[in-house]
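Pasting a structure here, questions to come.
Going by the order they are written in, the chains are A, B, C and D; count residues from 1 in each one.
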């Protein structure tokens, strides 16, 4: 059986990557693509790399256009999904790549987004350890799924093994990320111009990045301890990718030797989250185009800290890959369909 | 009066940047350039951007070649400067861009470099606060100067105001740096190939970077507290530049309001270290080609931390700029000669 | 039926891309990977992006190791394939990604490579128009195939429609190419360092590029006219990709209106060579990771010239994609298996 | 004596580079900076790399603001300079970095810009050979100067020696340029986003670039022959720089040996236009930040063509450097003041 799919917000980077993955997916077939400012144009004019979808044209985004598909992917700016989703039936699987439905505590939403919160949906990170086992379980019966934030994915996965096992002190965790500009979207802004970013590295959202409450929420599924997280993303000149470096104090009395085995055990059996052998580090070029999260971990014995690093493609495992993986699970398909564990390098 | 200058190790990136600065310096004149594998070639073949030095040819590095100049800059791999310097007279100012003479505690050298230590020289970071005032004082009478490491410069300067003023807890400081590959030198290595690094971000020297003891040594000049430093450099695709993000817990009982004023006061009157107004962040493109260190500071009140960021050009303020600035001081010249506070952007 | 495959020279960029494609190919299965300096290592250490091939280890390249497979891909420096191929049976399909077997005139080889020529093999460019129809016909019965050069592919395809139709004067064709450094291989060379190439553009092989005789040979299949070709590749800072701009005088008496229709007709029905609508230009980011050649054509009426542009991924349609496509044809499989017409952008 | 200077359009890239040069110029002092949308802001907010000009604030552009300075540099979009200049006195030196006053034939302007032409001003390319000797002569008494286009500078200089000496056939000249995006300005456009351009190469203005009539006009100063020029700029991922590859047929009966000496002789004595020794090629990284034009020339004997390559910094010798150099000449200053023949590399 082939499921019919609509993608809303198809003209942006997340929408484009979704379509690239869906074009090669054996069980999902893109029937409808919608956008706003570029509605009316052939899709291939907006995404000239998607030759195999040359038959599609962008239509105006509306609930009517999206209705009647088995699966609807929303790749819209936050604030737009709740109203659309309400108008789509319960039998439509809706996957939101935006932030609206990620946070369970409405106060977090108010604090970081400044608008009124809408209800949380099941969280599309299958490999996330929770109190009830891996998160993929709660996706199996879902008809609404919130795709995690890209930076949140990298930081969450990097350190969660140590938090769950009680190896690290959670009160002073520091995450610093090298991030490519495609995560900032396709809207023209001066500070995202090629001339401004090539040869440059620039921090942004210092001390207040919106993925902070999402990461804490993820970690709280495995610990009751208080969590302090300082997170600084740094924009660097690579189109795609995130390299998160997450540092936490080794908890008192914990032997450094346990770190490697705990990390490797945490994602045992997962094909899309891989912990590298001791001494190896993840790098962005190993995951570009893939649905892979590569994790490396080291102990700094002099400083008494654990350094956990995670590389993902922000548009892959960070957005569109997670969306397709979650859709596969919700539809009862093989979780791997349409996704690659291999990156494109160099 | 014009001083005659020799540059050893002139074929590398640090040597090239030294020569670029010296070519425009009104009081220093390059008379001799030496190298090893490329000795015998015209300098302009090795550094085709240095048209104004087309008259110079590379000679083999030796104490004889270097002797007889007023100033000798050494831009050699570590391990080579001590023996050369011994053969140069006391009346020659020797500025070593390598690591050999930076560390005061021989055990630090043994721990991080694994060879026998040689004596420390006055440390070429004029703006460094010490127990006896700014470090520039100790450079005034110097005839031997050790240029700081580039990563050490960025991390040291970023956080020292808070350490000196007791605003931060020094036991768990985390520094993560976005670093360009020119700092790794000009020797051909597969992992530094353009095809490997473009579109990529890759951590290196995880948990054991050699600038760690140097940074701690710098900070110890202003505190007696124990220092824990976790430092992770991440190679990113920009030729030059360092963006250091340094995070420390705000010390107990310290009001966040003091942070901004303490940081700004720490470098008051300095032209080559600038603290940005509250809310602004430094970026690499603002300092490329300059001798400027740009610092931004923020408080994360939720996490209870101070985030200090510093952007420098690793070859500028990080190496060759600091070398020229130190030479100016030691020779009694205007400290600014041949140096620019302005970067080249975009 | 699944065919067993060996890849020789698996540690380089062409080898890596072959393996990436083969890992996802439904009918070809990689059984053996060989290399030279890195023999003995796990493949994933050398290509950490190829997680799905983590079970493979690199062995030393030898005819014995390669024997017994249905298909052998050679991704070796030129000069190594003839001897190996002789030792592989007639029933083994050998696909050479190197230059050795491309040139039909031994004198061309001597002129451009300076060594003794070996016999030409069927040329793996299925879409090439020849006197006997498309080149794919001659691949159907082949057990030896020479994969075209990457720059040759872009230049050949860009202008061949006009040459075949007699629309252009072939005596003064000028091809200038923006080329990424992965085409230069993975061997460490100073002039390929990231610090040397980022922010840079540098011509190479001026007036004597080795793909010149190959391009002329391709064009001679459709014209008897004398061909003059000036070709200048310019290395630019993108890991992958070629953007060829090929200019030729519009032949006397030819109406400009015919250009667009002739070009579009030339590749009618081809899925991996696409001529863009009038007014559109191809770009590298539309073809990265794909087996697509995107062509745009324009007439400069004032100058009296045709400007034909072609974008390909040098490792994709330029090497590994062409190799897999040719293998599919030779094995009687669907030509599209394991290949994508879609690129990865941004 | 120090001349007072105003810069209009100071918020863009050309304006920023002008200010960077002027900040270090010993005889010119920036008194006024004007802009449009960012008027009212401190200059350093708009150009945070220009720390030494922190005392300046952007004012609204108007003739009143610009009046009363010795020199006014205009870095405005085309169409704005004529009206402003009319209101500035004859005793003010006005240097226009825009296109308005470059073309002598009004029809050229109409053909390529589509609006009404304004009178041409003396052309600010001092090294241009004309029928009356070098162009710098006509700048000595000028109070209005039109700065050449950046692409026009590279293409003009590359081939003019051969055209003047009659070595090449001018009817079929082909220029293809690798160009960085800073030449396209600082206005936010989707196709100039970092995510769109990194890893990409994209032709633009195919068959109709506006610098074509300007280049022909330059070449016509040294030849009466008909000129055919096909020019294709290709946007590549480097912030600054142009690498022009210009190919022309070697004229009938001309010996290839003459090429090298003619080219080298053409710019004898010029410090800012350098012809490289035979066999060397210019590259962008050798000229970034400089006022240097580096030229290499080769003969392709098989194809019967001359290949002339020129590297410049589009913002340096291509715009702001040429503007300052021309101002120096018009003011009777040393032509080199405030300019560097050396680039910044790597």
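Operating definition for what follows: contacts are C-beta pairs under 8 Å (C-beta built on N, C-alpha and C of every residue); 3 or more make two chains touch, one makes a residue touch a chain.
Keep in mind the model is a prediction, meaning the values are calculated, not measured.
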Look at all chain centres (mean of CA atoms) and spot the one farthest from the centre of chain C. B
For the chain pairs A-C and A-B, which is connected through the larger number of C-beta pairs in contact? A-B
Determine the centre-to-centre distance between chain A and chain C, using the mean Cα coordinates as centres, and give it in whole Å. 35
How many Å are there between the centre of chain A and the centre of chain D, using C-alpha atoms for each centre? 45
Multi-chain contacts only, two chains or more: what residues does chain C have there? 13, 182, 193, 195-196, 198-199, 237-240, 283, 285, 288, 346
Can you check the complex and tell me which residues of chain D touch chain B? 13, 16, 20, 23-24, 47-53, 182, 198-199, 239-240, 271, 274, 280, 283, 285-290, 292, 294, 340-346
Quick check: in the complex, which residue numbers of chain D touch chain C? 172, 174, 176, 178, 193, 195-196, 198-204, 206-208, 212, 228-230, 232, 234, 236-241, 243, 245, 247, 249, 281-285, 288, 296, 298-305, 307, 309, 311, 346
Taking the touch rule as given, give the residues of chain B at its contact with chain C in the complex, in rising order. 13, 180-182, 184, 186-190, 192-199, 237-240
